[in-house]
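Here the chain labels run A, B and C in written order, and each chain numbers its own residues starting at 1.
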C-alpha cells in the first residue's frame, strides 16, 4: 500500500485548488443567503400586505396601481372592524372558553398522567394502549355523534358545549406521562416514607418539574380555542355565542354592498395580533411544544 | 511522508460578548515527524492535542504557523485535498450504510482522472478490510458490530484511499480494557505493515508509551517534551512530564540541596554533585527505591502489597507531597513488618526540579 | 412503581378523563359505525321519526353523489401536490439554515410565523392578494379596478394577469392558489422538525465526509437525506394526515361555500362531512369512515415504506 502513495500534488496545483475551493464556498454561501432571504420575504409578505391594507381607504385599496404604503393612515378601520363583526363579544367568549377549558383540561391531564405514570392498578397498560389507539381516528369522526349528543343534551348556544367535549386530550396525557416517568421514582418513595400525600407530592414535586410541558400544553390549548372554527359554527345558532374566528367571515360591506377590504383586513389583523404577541414572548415553549406534538392548535 | 509543523498556533476567539477571553489551544508548536513513524500526541484533556490533529487533517485552520507534508506547504489546503485518513473518536461510521458501503464511500468521491473502475474500488475495499481483518463482516450495518469491529471499519475506511498520513483521534477510548490492549497491538501491526506515517491522540500515557515510536507530551497548548517513550520516561524535562508518565506515578517530595547533598526532611538521601544550594522538588520513580536497613531514607511503613514478582511498599513521609509513597522492590527482599522501612535510592531514578519553574535540575 | 394500597385512588384520578372519554370519544366510535350502516339515516332518525334498516346504503349514496367525488378528488389532489412540494422546500430551507451562522436564529423565527396564525384569517389575506376587485368579473362587461397584488407582480414581470379565485376562474387557478397557501402554511412545522433533525446529526459525519473529499451534492444525497429519513417520514405522514383533513384554509380563501360559484367545487372530505352533519348524518358518518380508512391506509403505507428505507 505504501508504494501507491506517491501521488503528491505539486505546490502550484495546491495553490490553485485552495483558491477554487474558497470561491465555491463563498458562492454557495451567497446562494444560500439569497434563497433564505427570498423565502423570508415570501413568508412575511402576507403579513405586510395585511397591515398596510388594513390602514388604507377603500378607494386607495382599489387603485389599479397598488401603493406599498398607505397615503393616509386610517386607524378608524380598526374601530369599524371591531364594531361591525361584534369582535368585542366574540373576544370575551373566546377568552372565557379558552381560560376555563385550559384550566379544567390541565387538572384532568395532570391527574390522569400521574395515575398512568406512578400508580399501579389492574389493566393500566391495556387502558393506556387503547387510549393511544384512538389517536389514529380523525376528530371529524367524533364530531358527528358529539353533535347529536350535545343537541340531545340541549347544550347548544352555551359555553358548556364549547368547553366540555374537548377537555380530554389523550395526546397531552401521553406527553405529560412521558415527562412524569422521567422523574426518578426514588423521589416518590422518599415522599411516601416521609408521609407526604400523593396530591401534595404531585403539587410540590411533579408539577414544578414538568412545568415546561405544562406551559406548552397551556399555550397549545389556548391557541386551539383561538383558532377553533368548525365546532362553534356547528353548535351555535346565536352569533353572540360564537368564537373569534367565526366573526372573521362576517360581512364587511360598505353602503353599496361591496366588501370593504381594508376593514376586513383590520379584523384579520386584530384576530392575528394576540397570537403574535404570545409567540413573541413564549417562542421557546411554543416551538418546543410543536416539535413534539405536530398538531396545529 | 514526513510531516513538519512550524510554529503552529491555534487561538480560539472568545465564545461570545460576555466571554471575550481568547483561548490559546496550541502555542508555537514546532516538530518534525519522520516518515513512516507512529507518533502519539499525549496530554490531559484540553491540552490542545486534538486541535493539533485537526489542524494536520485540515478540518481546522491554524491561526499561525505552517504545516508541510514532505516539502509541500499544505497549510492553506482544505481537508479533502490533503490526502489524509482520519479515524474519529466515535468512529463516525455512517449508520445507514453497510460496512462495505462505508469503506467504499471515500473511493466513490474521486472524480475526473482519479476516478476508479468499480471492480478496482471493490478490490481495494476488500484489501483494506483484510488488513484490519473484517472482510467477513462486509454486509453488516455498523449497529450490528462490536466496538472493536467498528473501530476496525473506521480504520479500513481511512486506509482505503491510501492516505499519506493516518490520523487517529483517541482511537481506544471507547473500547473496554481487554479490547484496548488487543486493538493497540493491532494498530501497531497495521502501521508497520502499511508504513504510513501515523499520528494518534491519547490521554492515556500507558497506551502512548506502549506503541509509539515517538511521543509528544503537551500541556495547555504548549509542547513539553518530544522523544522516544523510554527516553522521555527516563529523562523528563520537567515536573509535569515526570508526573504524567508512569504507573504507579512518580513520588514527589519537598527537598533541599545543601553542599551538593539532597535532603528530604532532615535526612541527606543522595549525593547531587554540581547542584547549587536551593530548595527543590524531588521526584523518585517507584522503582528507584531499594530496601536497605542501612539506607539514609526512613519512612513510616503502612502496608506491603505482594504482586508476584514485585512487592509494592506503601509508606508515608512528612516531606511527601503525595498522600502515600509507592515503591516497587524485588520480592527477594525480606521486609520486616515494623514501624518503619528504610530505603537507599538509585540516583538515575531520582529527578530534581526547580521550585520556581518546575524545570529539571540535572546532576 | 409503587404498589398502592388504595387502588381505587388511581381510578379516582382517572375518573374525570374516563367519563368524558366514554361520552365524547368511545361512544362516538360505536355510534358513527352504527349510523353509517343505517340506510338513509338523517336528523329525523334521531328523534325516531323514520325507521331505517342496516346496509351499505349510505356508502352507496356518498360515492354516487358528485359532490363527494369532487371533494375526494380535491382532497387527494391537494395532498399529492402540497406534501412533496412543502417537504422538499422545507428540506432545502432547513439545510441552508443549518449551514449558516449569522442571522440563522432570526430567519428561523420568521419562518415559524405562519404557524402561529389562524388559517382562516391569513386565508383571507391570501384571498385579498389574489382577488380581483371590480364588477362583472369573468363576464362580458368586465370592469376591473384592481387585479390584486399577485397579478400586479405578474404584470410587472411582463406576464398576463390571471383570474385566480373570482367568479369565472378556472379550476386549476383555484387549485394553484390553494397549493400556494397550504404550502406557505405547512412550511414552519416541517422546517422546525427537519432543522431539529439536522442539528442532532453528529457533526463528525460531515467532518469524515470532508476529509474524504465528498462533494456537497453527494453529502446531501448520501449522508444528510438518509440520516434525516426518520424525520422526513414523520413530516410526510403528518403532512398527509393534515392534507386529508384540509378544510379551514379553503374556508379562509373561498368562504363557507367552499368555492366561488356556490357549487362547492373546492369542497374537501371534511367540508363534505361538515356540510352533511346536521341533516344527513348517515352519509356524514359513512364519509367519516371512508376518511378514516384512507388515513389509516396511507399511514400504514408510509410506515411500511419508511421502515424499509430507514434501517438503523
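Note that in this section a contact is a pair of C-beta atoms (placed from the backbone, for glycine too) under 8 Å apart; a residue touches a chain by one contact, two chains touch by 3 or more.
All values reported here derive from a predicted model rather than from experimental measurement.
Peer 1: Relative to the centroid of every protein C-alpha atom displayed, which chain's own C-alpha centroid is closest?
Peer 2: Answer by centroid distance: A.
Peer 1: Among the chains, which has its CA centre at the largest distance from subunit A's?
Peer 2: B
Peer 1: For this structure, I'd like the pair of chains sharing the most C-beta contacts.
Peer 2: A-C
Peer 1: Roughly how many whole angstrom separate the Cα centroids of subunit A and subunit C?
Peer 2: Each chain reduced to its C-alpha mean, subunit A and subunit C end up 15 Å apart.
Peer 1: Using the average of all C-alpha atoms in each chain as its centre, how far is it in Å between subunit B and subunit C?
Peer 2: That gives a centre separation of 58 Å.
Peer 1: From the C-alpha centre of subunit A to that of subunit B, how far is it in Å?
Peer 2: 54
Peer 1: What are the residues of subunit B that contact at least two other chains?
Peer 2: 78, 80-81, in rising order.
Peer 1: Provide the residue numbers of subunit C that touch subunit A in the complex, in ascending order.
Peer 2: Within the complex, subunit C contacts subunit A at residues 1-4, 7, 9-11, 13-14, 16-17, 20-21, 23-29, 31-32, 35, 46, 92-93, 96-97, 99-100, 103, 107, 109-122, 124-126, 128-129, 131, 133, 144-147, 149, 152, 184, 187, 189, 192-193, 196, 216, 234, 238, 241-242, 244-245, 247-248, 251, 255-256, 269-270, 273-274, 277-278, 281, 284-285, 288-289, 291-292, 295-296, 299.
Peer 1: Once bound in the complex, which stretches of subunit A touch subunit C?
Peer 2: 28-29, 32-33, 35-36, 39-40, 42-44, 46-47, 49-50, 53, 61-66, 107-109, 111-112, 114-116, 118-122, 124, 131, 134, 136-149, 151-152, 164-168, 170, 173, 185, 188-189, 192, 198, 223, 226-227, 229-230, 233-234, 245, 248-249, 261, 264-265, 268, 271-272, 275-276, 278-279, 283, 286-287, 290-291, 294, 296
Peer 1: Tell me, which parts of subunit B touch subunit C in their complex?
Peer 2: Per the touch definition, subunit B meets subunit C at residues 57-59, 78-81, 84-86, 88, 90, 92, 94-97, 105-106, 108-111, 141-143, 157, 161.
Peer 1: In their shared complex, at which residues does subunit C touch subunit B?
Peer 2: Touching subunit B from subunit C are residues 202, 204-205, 207-215, 218, 222-223, 226-227, 229, 310-312.
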